[in-house]
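Each chain gets a letter, A, B and C, in the order it is written, and its residues are counted from 1.
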Amino acid sequence: MKRIKLLKFVFCFCLISTFDFLFSRAARAMHISEGILPFNWALLWFLIAVPFVAYGLYRLKKISNSDISFKPLVGLMAAVVFIISCMPIPVPTAGTCSHPCGTGISGILLGPAISILITAVALLIQALFLAHGGLSTWGADIVSMGVVGSFAGFLTFKALRLLKINLAVSAFFAGLFADWATYLATSVELTAGIKGSAPFLPLFWKIIVAFIPTQLPLGILEGAMTSGMIMLLYKKRPDLLIKMKVLKVTKAVVVFLSIFFISCFSLANAAEWPGVDETVVEKYAEEHGRAARAPLINTDQGDLLLFVFLLAGAIGGFVGGYYWRKLTEQKPK
Amino acid sequence: MHLFAEHFKREKSRIYTLDARVKLIFTLVLLAMVLSYNGFFFLLFILVASAAICLRLRLPLKVFLLRFCEPLFIAGILILLKFFFSGETSIFTLNFAGFKIIGYSEGLYEGLRIACRILAAVSIVAILGFTTLFTELIAALSWLKAPKGFIEILMFAYRYIFVLSDEAQVIYNAQKNRLGYSNVRRGLSSFGILSGSLVLKAFEHNQNLTVAMIQRGYDGNIPVLKHKPFKAHEIILSAATIALFAFIWKI
Amino acid sequence: MENMIRLSAKINSFKYPDGTIALSDINLAIKKGEFAGILGANGSGKTTLLKLIDGLIKNFDGNAYLDSDNIAKLSPRQIYKKVGLVFQNPDEQLFAPTLFEDVAFGPLNMGFSAAEVKKRVSDALEQTELLGFEHKSNHNLSFGQKKRACIAGLLAMGHEILLLDEPTAGLDPMGEYKMMCLLTKLNKECGVTILMATHSVDLVPLFLDKLYILSKGSVTRSGTPEEVFTAPEDMADVKLRLPQIAELIWRLKHEDNLHFEKIPLTIGEARQEILKTMQNANCKM
């Protein structure tokens, strides 16, 4: 009797570890593979990615007007990110190799806007020729790796620098959070893409749990790597770090940081995301005897989606409004 | 890094010489069809068609395996995930060590459909990748009016991937020969140094590269040659194929 | 106007930002149609000198002239219309995905029509023996081809003066020889004035008209190869040596007391000299 129990336990363990192994393979480099997302989701992520890439291009143009060597540098850095994200590093818990994403480092060195552009370029080459990620999931991958990863890395680094924490530690956490934030964003995209009519959160947790064995250590490895890189640069070419304004924290960054943390805080407080309809309209409707019926298209996300759209709209509006004059103004020759 | 199209021996086939712009648009249209399709038939049709084309290309088997191993893994996992966790009608129930594992028929159907979609989409893009030179693709993108800055960076990145990966290989071998990867801790620090030196190399190359480019009249923009005119029969042929696919997609 | 001086530099001193003296006491004049070389050991300042002549370094004490214009006052565009510098590492100069695009980059920037660009590119490729590789990717070229491709990129722009940094470094013996033949052809047939930096003592005397020996940042000797290569000790002082054939004859002359009229630098000359000496010896016996 005891033996059977033991056998069962062993079998169960084997089953779980194979499953885990398969999952960890799937989590390689956190790209969303071609064809996973249905058309409308692929399009949505693509549309979200567009303003960020456009902003990156704008920054590129602006900087390269004053520094002619900037464009080649961005190209070279894109090649570096591509190579780094192709290099296998061993992940002990999963028993396999996985890939770092390298967006943390480009975010720290060149700023988030340029880093998004770099990620977009590296992802396109990978999608076309290495089958990491895909053409249709390009937008989603840019959002999770480029936008979320770069901003997370950059903001963490600057915030820690602001608190006067030393360079190695700041870089470590920048790499760590860039990796983990990418992992969260990828999980959201993946869940939304494959859930079909099932509710969002249970599947989301399942995917998160499935990826934990690789992503937790991978994040730490990426942090260590980023820290090692920054320290090497600091020892060998401190002039470069100064030139790229890596060590400085500018006023714009401080403002941005505070906005970011306030919005994060309010996001965390409003974890449930109940909508206006639920809290106000439904209450009165019910009081007057007209209960709501089930919605035609149920996203089960409260107003999260609305909020995302609102945020995208607001950012797009600001960017569009700010640069509106560029369309009409003549360029000074 | 022998995954780029130019490293493959080119069999004599029409598909190689086809205008890259036509190929790109064709692929994108087909991809959109695959992603927005709700069923099996069209996906299976695409899979069979692309398998036939791949057979004609006579590429080495290893290339295929490398290309498809990741999507296949993901497809397999999605089938399992869907099969066991979503749906209502159970096909079978496994009572096992106190766990109850239930397979759902809707989940299985959904999972298989997603897996088919993934494989169909991957094979379409793979054929584009196998048969098109990167430079042709860059030219096609610039014809499609992709932003100039983006294309220039794509160009630089493509060229320097090869230079830098050779240099990375040299550093990696030097580290490995001196036991730089003998345990995880050491490996990690070696890896950090390796990637850091790559960044340093990128900066150094950049300085000389810029000077070399300025010497040849670089002023911030790379001029492009004019595109070749389209060939009428290629457009007609691909439009007809797309119409055929669209017909199958409809039913 | 055959003896017109096209490039000249008189440098009192140039220091690196950290204060070490990179170049000092240099006087250099390159005539039209000349094939001159800067010979020096590693770290003697060859590359820095070339960069300075090319107008890439401006904050030095002294003057450099291109056709009687002060280089420091010329704009990059004015300099690069006439002078082209080829760096040692070809990978840092070939940036476009294919050879054709790379060579076409210069002419396109100069604003030529598409037909003219194509003609210039194919001419340049023909001169550098790269015809047929137009649509090959740059990373698939061999090292020697890459080096020639760099030169083709400048030739397509029609430069009158070429500065080359170690054009033969890293090539196999045949490649070295071919590269030097190519440069000689450009120099003699197309009238391109060439200044190249090198440390290969065996090769240069065969081809160069004039030599500058650079040691620790200053020119210690200059003149024709015959004037420069005199005795092994002088060469050892500047971390170089005589061409091997010259050293053989020098030893036969000074250590074995054989009679030679002059120290030959090439195998052909040495053969003549040895035959002459042997005939003299036979006559005496």
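What we mean here is this: contacts are C-beta pairs under 8 Å (C-beta built on N, C-alpha and C of every residue); 3 or more make two chains touch, one makes a residue touch a chain.
What you see is a predicted model, and the numbers here were worked out from it, not measured in a lab.
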item: Identity of the most central chain, Cα criterion; value: B
item: Chain whose mean Cα position lies farthest from subunit B; value: C
item: Cα-centroid distance, subunit B relative to subunit C, in whole angstrom; value: 45
item: Whole-Å separation of chain centres (CA-atom averages), subunit A against subunit B; value: 20
item: Subunit A-subunit C separation of Cα centroids, rounded to whole Å; value: 52
item: Sites on subunit C at which at least two other chains make contact; value: 95
item: Set of subunit B residues in contact with two or more other chains; value: 134, 155-156, 158-160, 163, 205, 209, 213-214, 218-219
item: Residues of subunit A touching at least two other chains; value: 72
item: Subunit B - residues contacting subunit C, complex; value: 6, 134-135, 138, 155-156, 158-160, 162-163, 205, 208-209, 211-219, 222-223, 225-226
item: Touch list for subunit A against partner subunit B, complex; value: 8-9, 11-12, 19, 22-23, 25-26, 28, 33-40, 42, 53-54, 57, 60-61, 64-65, 68-69, 71-80, 82-84, 87, 89-90, 92, 102, 105, 109, 117-118, 120-122, 124-125, 127-132, 134-136, 194-196, 198, 202-203, 206, 221, 224-233, 236-237, 240
item: Interfacial residue positions of subunit B with respect to subunit A in the complex; value: 3-5, 27-28, 31-32, 34-36, 67-68, 70-71, 73-74, 76-78, 80-82, 85-86, 96-97, 99, 110, 114, 117-122, 125-126, 128-129, 134, 137, 147, 149-150, 152-161, 163-165, 168, 184, 187-189, 191-200, 202-203, 205-207, 209-210, 213-214, 218-220
item: Contact footprint of subunit B on subunit C as seen in their complex; value: 54, 56, 76-77, 80, 84-85, 87, 89, 91-98, 101, 104-106, 108-110, 114, 117, 135, 137-140, 153-154, 157
